[in-house]
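So, here come the structures, one by one.
Shared between the two complexes below is chain A, which pairs with chain B and chain C, respectively.
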Partner chain A sequence: MAIETQPERAQGAGGGLPAEGGGGRPWWARPAIHTAIVGAVVGYLLGHALGDYLTGATGAANQYPNVPLSDSEDWPIVLGYTLAIIGWLAGLGVFNDILRQMVGRPISGNGRAHQNSGLARFFRYELDHKVVGIQYLVGMIIYFCTAGLLAMAMRTELLSPVNHVFTSQVYIEIVGEHGTMMMMLMTSVIVGPFGNYLVPIMIGSKRVAFPRIEALSFWLTPMAFLILLSGFMLGGFPFGWTGYAPLSIQATVGADSYAVAFGLMGVSVALAGFNIIVTVICYRAPGMRWGRLPMFVWSMVSTSFLFVLAAPVLFAGMYMLIMDRTAQTAFFEDSLGGSSYLYENVFWFFGHPEVYILALPGFGIVSELIPVFCRKPLFAYKVAGAGMIGVSLLSFFVWQHHLFDSGINPDMRPLFMVTTELISIPTGFIYLVALGTFWKAKIRFRVPMLFCIAMYFNFLIGGISGVYLSDVPADTTEHGSFFVMAHFHYTIMGGLIFAFMAGIYYWLPKMTGIKLNEKLGLWHFWIMFIAFNSTFLPLFAVGDAGQPRRVFEYATNLQGLNDWVSISSYFLGFSILLFVINFVWSTVIVREREVGNPWQSRGLEWQVSSPPPADNFDQIPVVLSSPYDYGVKDAQPVADLHPPAGVVTAAIMSADAARVEA
Partner chain B sequence: MAETTAPSAMSPAEEEAVYYHEAALNSAWTGARLAAGGMSFLFGCFVFAFFYLKALNSHGLWYTSASRPQLWLGTLIMVLVVASALLQWAVLQMIKRGNKSAWMAGAVVALVLGLAAVVCSILQLMYIPFWPGASGFASVFVGFTPVFLTFAFCAMVWLEILIMRARPIPQISFVEQPPTFAEAFAVQRFQAALSSFTFVWNYLAAVALVAWILFYFVH
Partner chain C sequence: MALPARIVTLVVAFLAVAALAVFVVVHYFLFSPPTVTFGAGVTADTGATVHVVLQEDPQNTVSTHPDWVSYFIQDPTTHKWVHTTIFKVPAGSRIDVTIYGYDGCTPLRNPYFGKVTGTIGGVEYVNGKPYSQLDSWSACHVGHTFSIPGINLNVPMATPDLSATLCGVSPCTTASPHRTVTFSFNSPTATGTYFWQCRVPCGGGFIDGFGGPMQTIGFMTGNMEVVS
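This part shows the complex of A and B:
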């Protein structure tokens, strides 16, 4: 169950053993990805048949009143997706332990035969947080590249304002798939791989609080990805990533893929955040006080709180949408007592924290990395932490700025304009911290550091254009144009993805023991940085000149700029291809071992071997000092990895005493 | 809950076992509170939808006399959930005092009451006297009920697991500290999980109470 603690026998190295060891069964009979696929296919067919039966038997196949485009296939499709998800999880063995416990049998995991061995563990419902981190990393790269290819298809279409590669219908399908895939799946692009892999090690823990929940959070993402992609086969969805009603309740069955996939991803991120928060609160090593927590962990905690609190709102919004499309409720149907504005409010109550869900992990990575490459302590540590908490809190109070031009009471505009502008203050803290750290530093311009600097540069442009857009008259002018699109790509791709790349180059030697090729990395960085700016900077001008988003025809006088952008986007795509080549070349073909601490980092994660041992640490470490004491005379080691007997006990006793006192 | 007592001289392996045992106990407590926070935002969406649509009253269709759920059935569901949660809370106090058999009996009754509430909710949806899209109110009611009953059902699965987990633990283990770490840990983890469950189930009972007031009196 959701908040069941795991008995000792269920927790092996790094957080746990496979939920279903498989015993002496042959490989094909053990729960893994192939049984999950079988389960999903069987589940879909059953669900679809059930849906057909229900619509026929109950007469619910009638069209939605006043919404002529709605059709009766929604029930079979939604039930098919739902049972496919259940079948997928059942095939992975997710429910096995729950069922065992229900009949009074002990949970599995006694045998250690399959623990941490071979490539097969990456295709199973594995409970080791390091395996989950790698699963997330590969998954996220696949999802990102798929969505990136869709972006390049869009730019190909926009090469000409009059000659078309796609029909308008196909174009809008591509736009919707690209936007939704990026916004929903990239939510976990840093928390998934780096959060799950590194947070336990960074806080000095051998395990996570809820390994089953952590593993489940990953295994929901492939289904969300496949369900979203399947929308193409169902006619797509013509409303972009925002899914505004009434368009989304009028759209054909492709919209079901959007609602189910997005809702499922909401569940995934809520579970991931839940595990990370509890792990950080309860599993920190002795001496790992809140004031010594690495900045990356602070960012993971801030983001995870947004996950746990905002993602249920997304789930509720998608659920209401599905109910309107299937059970024929009228949440968003004005003529029947509902309101399409209800959807806008619910969606953006999640949607704006989502923006910071994407930004905060990026802040965390760059704040973690710059002291390493500046060889200086992080400037104003507490200010950086306050900045992240401030951004998290304020992100819940700005959502109505998305409604400035779509029905908000005009009297409410100034309030949300002010709250939106206020959020630039804690964001500014992050820049202040960076400036202080850079000041008089002898910076090592290695590939991860270059990506960090680029992140600050890009996010600055995105942030300043965001402050401009928060102003009501400016927003009214630019609303729905490429200007807005350029703004959020500067914050999300320019911020999050550049930080993600910094994280990969920095931590991959830790996660795999293999360093990416530095020369290819430099080529990757410079092409990506130049091509990114060359792609998105002109879009501010294009938007300012009035080109609307999501429309595949535009004024002919804008063709020059659009062509420039499209060609730049191909270079951007090439830079990502270069990264993938580097990734595969370095980790699969060359496999040059890097077992040490290539960046001379003080981070606790770098004090153990690379990749970390099965249990992360031989003994529970005792943290002695800040991870950022670079260049500090007489700085203590960051931790005692082999503390004498009794030290940990003393820490337990003192924690007990504090608890009793409290 | 029994306190963990760490002997003065433990081996590193024992120290580690105690350390992570304490962490697991704290995780149960923290996780339950955090889950309640997340669920508050989920159920809060329906409360928001309720008041938002009520305030807008689009086309005068927020509430019609035809879209009125059965009061007796709604009251029965709420009473069953609240009774189950309060009973579970009461018998939790008994097991804390070492009376396992009283808890077992009470927990089984709480389980039956909870499952009865779930069945009644399903019946209410099956025989609801209005069309789901009849009004804004009807939509919120029909949307909220399946979500709540799913959570209630999952809570009952959890309770059933706890009952099965308690069966092999000897009565005496709840009265005095068991002789080995392994046994003591098993009892303490069970108690931590039970406390967490009771918190979550009582939270859901509060949600049921609020929903009952909203759907049958505030509309």
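This part shows the complex of A and C:
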């Protein structure tokens, strides 16, 4: 039985709050990104000055001792970042309503999103989940392209083992920035844009549970991005994306940007996950039983649980790291009584679920899309859901396989080897579902479907190589080499990013009412697919031959393969450029309208106009059947979008009564 | 928004991003300490002799990290000391190196690094006297090393007497207590960048001494660029 706990009156996109008045202020005086930038700059300067005062750098009487284990500038920089974040949020107006409520004044209606229109709303703290989804989409593309450019810089350096473009120091800075940016910001690459935009519509809701938290989760990401990038100005951080102590404790001030930005993203994703979980549990329309929940929503829920359980551990780890670097605590420093193992455990207790945080949304997208293009029901719906839940659960029991070579208790290795190998079983469920759905289907090879098929292909290679790496002897051999690097790029880029692209081509017409150019899309797909495999497949061989990660020099006999990989990576970069051109060309220049249902999908999100109306639905719909009943004789419509008066209320009362009885 | 306005906005946004990208690349990616060129007129692979002069100081008063120990290189043309650790030499040449050691001693964690390897004759000269190994423990004679792993070169740097008052302003002058280390090696015939470093964990204030100047080009680690 579906549970709809929220009466219709509370289902406005802004949560039933008053419309924004604007107060008659000119545009530049209203909270938006420009006031946020001012707030961030002022906050940074204040924080830095405070740090200087505390550390005695200004000659103040209050001589706070400098920390001998790190640069003396750590305090000013960390405090600068912290106040910059607060200033950024204050400039956006995040605290306005909270402060008004604290002093008993009526809230201003700042950010009553759906009543606003025009481009400006995308630069504000808006509460409409659709605006937040678009903000996330553009943000994620920018973050991805930035990190991608850094990857191409790395491949340029690796064109030669002896002649260098960058110094070794700059190279490791680029490696660290690329890895951290990809792993921390791409955490939200699907949950952010598609989860926030589509989940409420897919479950028949007019809003998300916590619009402010949702909007806040996005607006933390630009600050995390900028803080991380600012690391270049501070000398970078020489320890990759993992930030192992004591390297990260003794690194110079660039490491502060890593710790603050990563911790901030931990807060962002935890908030995002919390919102989605509550939205799905409490805001499903009548008839949207768990057994009718779209696979994409299942993936969002399972990912969100990982968010709220894993990300706080990351935040705690980063907090302790910052304290070690500034306040001279010794959580992770062995010689002072701490434990570097503690950091490794804390980091990977987040870090391995993180891998599945990146994989599950990809599984969700492909599972959602293949029935549409196969024109068949999704094979073994419950198995797909079980696969996702199984992956989520097991992902918390495998983290120590990252520590196989760290000197951990050897008795722990077999346990974590087995749990790691076990996780291939629920992952296999996803492939079983795909095979069953493909079986005897008349597949429409449109661009989104091609990306889905490529995702299955790529992830298979990544998954199989992962089974080898879960095996202790094999891992001992390959650890720290390009083999590992090739493996996780096959799972993350080959899985997540290909699925992300599938999602963009599939849902962009829904989100914007504009479709992407199909021919450019085909060119994009084929170049990206071929170049991706041409880039990363040889890296298994390179790693097997012993080339270590994060080192800018290598054996001269590996130059041929490295040059092949580097040139392929330029083609890969070109394919992404082609996508960006297509995206900008189609959405800004040509703007070919697509307001209908171009894929003939049964998804609830496609039953409303494109882009959806401000409140998503005129009335709360009543869901009648599965979204995957393609080709099913006498299948009912997926939902009644205009149910007779009283139906929704009756469903709510019925659910309440059932709850009371229970 | 009309089409021309959309296009203009796009172009302006693109130019802004491109300008930012160029700024980052030039100022941060391609930034490195200056390179000092030795043997500018020397033809490579002839065995000609090139003279390289460095000093290692207990501090540097010319950077934002005044408490970091640091190497300096003497420009062969101006004879001025340059705060860098990147130098260029011709391939296939004999490199005569003079290093003025102004910093005090640090017992080596591995006595192996007190052994001279990769030099012509397998020795270094400390104030003119040949040594094949310096004892860092009984006499505390070693402050740093000058090591190029790519050509198996390792030369321990001798230190002033323990009682000496070390130089306090960098670059130091020969009026301050020091020892002069000289040695020679042949530069490789293969051109490329050869990483060099100090193997003594001399990052004071950093955990186990690894960090800070130890990991920063321009201080205790650098590149020898071998050119044709």
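Quick note on the criterion: the second predicted complex is superposed on the first by the 622 of 662 C-alpha atoms of A that agree within 3 Å, B and C clash if a C-alpha of one lies under 4 Å from a C-alpha of the other, contacts with A are read in each partner's own complex, and residues count from 1 in each chain.
Keep this in mind: a contact is a pair of C-beta atoms (placed from the backbone, for glycine too) under 8 Å apart; a residue touches a chain by one contact, two chains touch by 3 or more.
These numbers come from a predicted model, not from an experiment.
Colleague: After the match on chain A, would you call chain B and chain C a fit or a clash?
Modeller: Superposition result for chain B and chain C: fit.
Colleague: Applying the touch criterion given at the start, work out whether A:Y319 contacts chain B, chain C, both or neither, answering first, second, both or neither.
Modeller: Touch status of A:Y319: first partner only.
Colleague: Check whether A:S335 is in contact with chain B, with chain C, with both or with neither, and answer first, second, both or neither.
Modeller: It touches chain B and chain C both.
Colleague: Taking the superposition as given, does A:V588 touch the first partner, chain B, the second, chain C, both, or neither?
Modeller: second
Colleague: Using the superposition on chain A described above, determine whether A:A310 touches chain B (first), chain C (second), both, or neither.
Modeller: After superposing on A, A:A310 lies in contact with chain B but is clear of chain C.
Colleague: Between chain B and chain C, whom does A:C282 touch in the aligned arrangement: first, second, both, or neither?
Modeller: first
Colleague: With the two structures laid over each other on chain A, which partner does A:E553 touch: chain B (first), chain C (second), both, or neither?
Modeller: second
Colleague: What's your read, chain B or chain C touching more residues of chain A?
Modeller: B
Colleague: Let me test your reading of the model: by the given contact rule, A:V648 touches which partner, first (chain B), second (chain C), both or neither?
Modeller: first
Colleague: If you stack the two complexes on chain A, which partner ends up touching A:M102: first (chain B), second (chain C), both, or neither?
Modeller: Once the two structures are laid over each other on A, A:M102 reaches chain B alone.
Colleague: With the two structures placed on a shared chain A, what shortest C-alpha distance in Å links chain B and chain C?
Modeller: 14
Colleague: Pick out the shared contact residues on chain A: the ones touching chain B in one complex and chain C in the other.
Modeller: 333, 335
Colleague: Which chain A residues qualify as touching chain C in the complex?
Modeller: Touching chain C from chain A are residues 68-71, 119, 149, 153, 160-170, 174, 232-233, 235, 238, 246, 249-252, 333, 335, 553, 584, 588-589.
Colleague: Over in the complex, which chain C residues touch chain A? Could you list them?
Modeller: Touching chain A: residues 1, 3, 6-7, 10, 21, 24, 28-32, 86, 190-193, 195, 203, 205-208, 210-212, 215-217, 223 of chain C.
Colleague: So in the complex, which bits of chain A are touching chain B?
Modeller: Its residues touching chain B are 1-8, 11, 64-65, 98, 101-104, 205-207, 209-210, 270, 274, 277-279, 281-283, 308-313, 315-317, 319-320, 323-324, 327-331, 333-339, 341-342, 345-346, 619-620, 645-646, 648-649, 651-653, 655-656.
Colleague: Which residues, counting only chain B, touch chain A once they are in their complex?
Modeller: Per the stated touch rule, the residues are 3-4, 6, 8-12, 15-28, 30-32, 34-35, 37-39, 41-42, 44-46, 48-49, 52-53, 56-59, 61-63, 131-140, 142-143, 147, 154, 157-158, 160-161, 164-165, 167-168, 182, 185-186, 189, 192-193, 196, 200.
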